[in-house]
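Residue numbering begins at 1 within each chain, and the chains themselves are lettered A, B and C in the order written.
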Amino acid sequence: MLRFIVQRLLLLPVLLFVFSVVVFILIQAPPGDFLDSYLATLASSGSSVDEAQVVALRQQFGLDEPVHIQYLRWMEHILQGNLGLSLEYQRPNIELIGERLVLTVLLALFSFVFTWAVAIPAGIFSATHPHSGVDYIFTVLNYIGVATPNFMLALILMWVAYSALGLSVTGLFSPEFIDAPWGWARFVDLLKHIWLPMIILGVAGTARLTRVMRANLLDEMTKPYVVTARAKGLSEWRLVLKYPVRLALNPLVSTIGWYLPQLFSGSLIVATVMNLPNIGPLLLRALTSQDMYLAGSILFIYCFLTIVGTLISDILLALLDPRIRMEGAKA
Amino acid sequence: MNAPAPLLSVRNLKVQFALDEGVVRAVEGVSFDVYPGKVFGIVGESGCGKSVAMKAVLRLIEAPGRIVAGEILWRRKPQGGPGSTQEEVVDVTRLDPNGSVMRGLRGAEMALIPQEPMAAFSPVHTIGDQIVEAIRLHQAVSPREGRRLAVELFKSVGMPMPEQRLDAYSWQLSGGLRQRAIIAMALSCNPRLLIADEPTTAVDVTTQAQVLRLLRQLQQERDAAIIFITHDLGVIAQVAHDVLVMYLGLVMEQGPVNAIFHAPKHPYTQALLRSIPTVQSTPREPLPTISGSIPHPFNRPRGCPFHPRCPQSMPGRCDAATPELQAVGPDQSVSCFLYQTAEAKA
Amino acid sequence: MSSPTAAAPPEAELAATAAEERVSVASNWTLVWWRFRKHRLALFCTLLLIGFYLVVLVPDFFATQDPEATDAKQAFIPAQPLHLFNAGQLGLWAPAVAGKRNAITLRMEWQVDETRRIPVGVFVQGEPYKLLGLIETDRHLLGPASGDAKDRLYLLGTDRLGRDQWSRLMFGTRTSMTIGMIAVAFSIVLGVILGGISGYFGGLPDLIIQRLVELLQSLPTIPIWLALTAALPQDWRPEQVFFAITLILSLLGWTTLAREVRGRFLALREEDFVLAAELAGCSRMRIITRHMVPTFMSHIIATSTLAIPVMIINETSLSFLGLGLRPPAISWGVLLQEAQNIQTVALAPWLLVPGLVVIVAVLAFNLVGDGLRDAADPYTH
């Protein structure tokens, strides 16, 4: 078990290195650099910058150096915990990202809990009452949930809230709490706002997971160990919850591997539509203005979150399933 | 000594499965009695309805399957405290399959030794967990006491290192040990009837002999009844007192083991016996087999289900009606027109 | 004395055997079709998708107007729903709209006027175009039939520039459905080739391809897509962007398919019929193309049908965020950009209609894909 986790952890730096290269190539890929687009913007607004100033800026950000030197310098900074300076905002990236990152992770975790809290009971109910009315309703809802893009759902709900209730359900805080320091009151205010994005972000996943849970459980219910347990005289509910549900959860745990990362990156779209203080909209802005180190840092954070999501799922699966756990011990 | 009352009486049991493609008549009117302290063997090829009949006794038939007719009479353990001898007979078919009465019977009074010991245990729970659960479901004992009882059970089925084995998972044990663990679980509440559903098909020959010896020994020690389901006549000859031969959901022949093996009446029983290799068989001579194959369940032959494969089939008779079970000896009965004609003439 | 089982007449027995015979000699594809047609909903959705692809083929024919024609005076006209019956008789018509300038906001406010009916004709003359890019014609499926130039027909209303949303939707359908198809086609080619190499040959190629798949699968999809599309030069022509977006979608989308194909190959390699073919002296190429691929072809088709809606959602989301296709290209995502502002949506809710079309299309693909997947294994159950 320990060995298994250590193996995974050892792989982590390798993956991170590969990702850093990928990310760097991506942020280098657009033709021209930030200064070009910055100058273009300035020129279009009528003002101009003199040549010497441009050269100075270029040197300051190391934009005049060869690509591999730029990469090494970037890596050196990141390893020191320095995410660099935003070209556009002229502020340290870490300041810009800081709280937004916390809120990104928080939103994803909320959606995750929502998904499991809904999908597992719904899946169990559907599988224990197959082809019942409720099962059909769940199935229809699931199909619609999978088919509706996140942003579409957000748009529809925002429109309904706006036209029916006159509410503007954007953002994660009431105006008075936006810049307030963290405290109980601010947290409660967050809870008042986060539920809608939480549901929007979680709907598609909930639909898929309900289907996974239903199929797994139906499959497990036909296994001989269920008959054995029934022959013991166990009551149906205790039996279902102790044996088949327990086994049907294993494949569900392995979905964390793709689901958590999907929530992290999916929050980008919801956050943009609903104007949430999240790293998603910041990335979008950074990409369009070629604020390369800010974009790079955020992309790198997304990569990191993805790996962490997969890692959590692997470890949980090993904890839950003795067959995998013991295999790891033997290997 | 007068004849003891049967522990289990099955009367005209019919089980059907309503599938999209049609109705499968898995059990078509089966009757038999099981007496305490006896081993009752049920023989038949796969798909003849023997396992379904046993699941019906335990009320473990799942939808779309349904008991459509018949009675399953079960003599309960004395209910009125330790000194009581008052035995009550219940019709199992009238009980709610998941109700508390039926659950009190399952495991406590009638226990199942399932077919595949590998799949019969949950792979993510320890064996001890599953056995102690069975014990504590029917006996009010503490977890610690339950575990002690489980160790005792493991010792009685000859499980080496019982303590360690309780904390193992089923997939960590060998086939023979798994089989012993399953038997221990079935015995956990000292049931009056053990239903062994092909307990020796999934294990190799040496283990098979050990398991049979163990079952016989336990049965003698505890005076429990056993229903032994198998397709292997050789095994039946070793363990059973009485034998029932089934084909396509119907009883072909029924009687004491000696009569069935030494004076088989039904052409099907005769054919089955001929296809067992014996020491007397001529070497390098092909074994006789039963011609044809078992019909598809949706495509049951009309009349006697065996007539298309029967060497003594009488056209116009066997393909027209189904023969009823008739006594042909003191305890032996057979359902075949060959014997009904003889009787009618006599 | 006769039991109910004996009641079946011998003809029924013969018929049953004939049915069994028919099943045992039917080809794999026939069996798939037999099972698929049992799913009524999937069958209905197949027809729906055929309808969508008709629009893809000839969007100009279904459009009522030029999708690019702007008219600032005709902005935010509400939808004029098509009615089938006129005064109890079959006859197409749509209500007219009347505009009034709001004295305070100085904005034109449009009302549907049910009393004034614009007759709608089929196969009417309109904008000239080339059918399938070949045949010159000016016939459109629907259009105002009164001949009065003032009668304009906006079946789904207009956007802020006064463009007809119905006509734009037809062209958007062409783009979005095509992108889904082409991206999945690229994915299939990549997935089948790389997955096949991986599964059939094993060893080093398998190792390299599997690591690549793992790497791609552990990338955060949406941010990477954004970064890739943001890297596309701003001055590219719409067709170039279209092609690039398709490529980007499939570059990250082939991995699932590759895994599936690899798994199938690994399982099939052990099958007796492959060994038999090897012993019979078949070449590797022949074994792969004639013996292995046909056994899981139906699975690949089912998986790809389920992959198309994912591509469509992705394209729509990217374009909606402004990083996918850009105007003047028209796609469902581009159309939905008009609905980004919630105040605008409140003013003109019909701008959300392209979103509903996305949902319907994705739903149809998913149902057809599920039906195909269930039907793809005719020998199980």
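Convention: contacts are C-beta pairs under 8 Å (C-beta built on N, C-alpha and C of every residue); 3 or more make two chains touch, one makes a residue touch a chain.
Please read these numbers as outputs of a predicted model, since none were measured by experiment.
Trainee: What is the chain whose Cα centre is as far as it gets from that of subunit C?
Mentor: Most remote chain from subunit C, centroid-wise, comes out as B.
Trainee: For the chain pair with the highest number of C-beta contact pairs, give its two chain identifiers.
Mentor: Of all chain pairs, the one joined by the most C-beta contacts is A-C.
Trainee: CA centre of subunit A versus CA centre of subunit C: separation in Å?
Mentor: So the centre of subunit A lies 27 Å away from the centre of subunit C.
Trainee: Distance between subunit A and subunit B based on Cα centroids, please, to the nearest Å.
Mentor: Centre separation, subunit A to subunit B: 55 Å.
Trainee: Which residues of subunit A touch subunit C once you look at their complex with the stated criterion?
Mentor: Touch list, subunit A to subunit C: 15, 18-19, 22-23, 26-27, 29-31, 143-144, 146-152, 155-156, 158-159, 162-163, 168, 170, 258, 261-262, 264-266, 268-269, 272-273, 280, 283-284, 287-288, 295, 298-299, 302-303, 305-307, 310.
Trainee: Give every residue of subunit B touching subunit A within the complex, in rising order.
Mentor: So the residues of subunit B in touch with subunit A come to 55, 58, 60, 98, 103-108, 111-112, 114-116, 119-125, 130, 133-134, 137-138, 169, 171-172, 182, 185.
Trainee: Taking the touch rule as given, give the residues of subunit C at its contact with subunit A in the complex, in rising order.
Mentor: On the subunit C side, the touching residues are 215, 217-224, 226-228, 230-231, 233, 309, 313, 316-317, 320-323, 336, 339-340, 342-343, 345-346, 349, 352, 355, 358-360, 362-363, 366-367.
Trainee: In the complex formed with subunit B, which residues of subunit A make contact?
Mentor: 223-225, 227-236, 242-243, 246-247, 250, 320-323, 326
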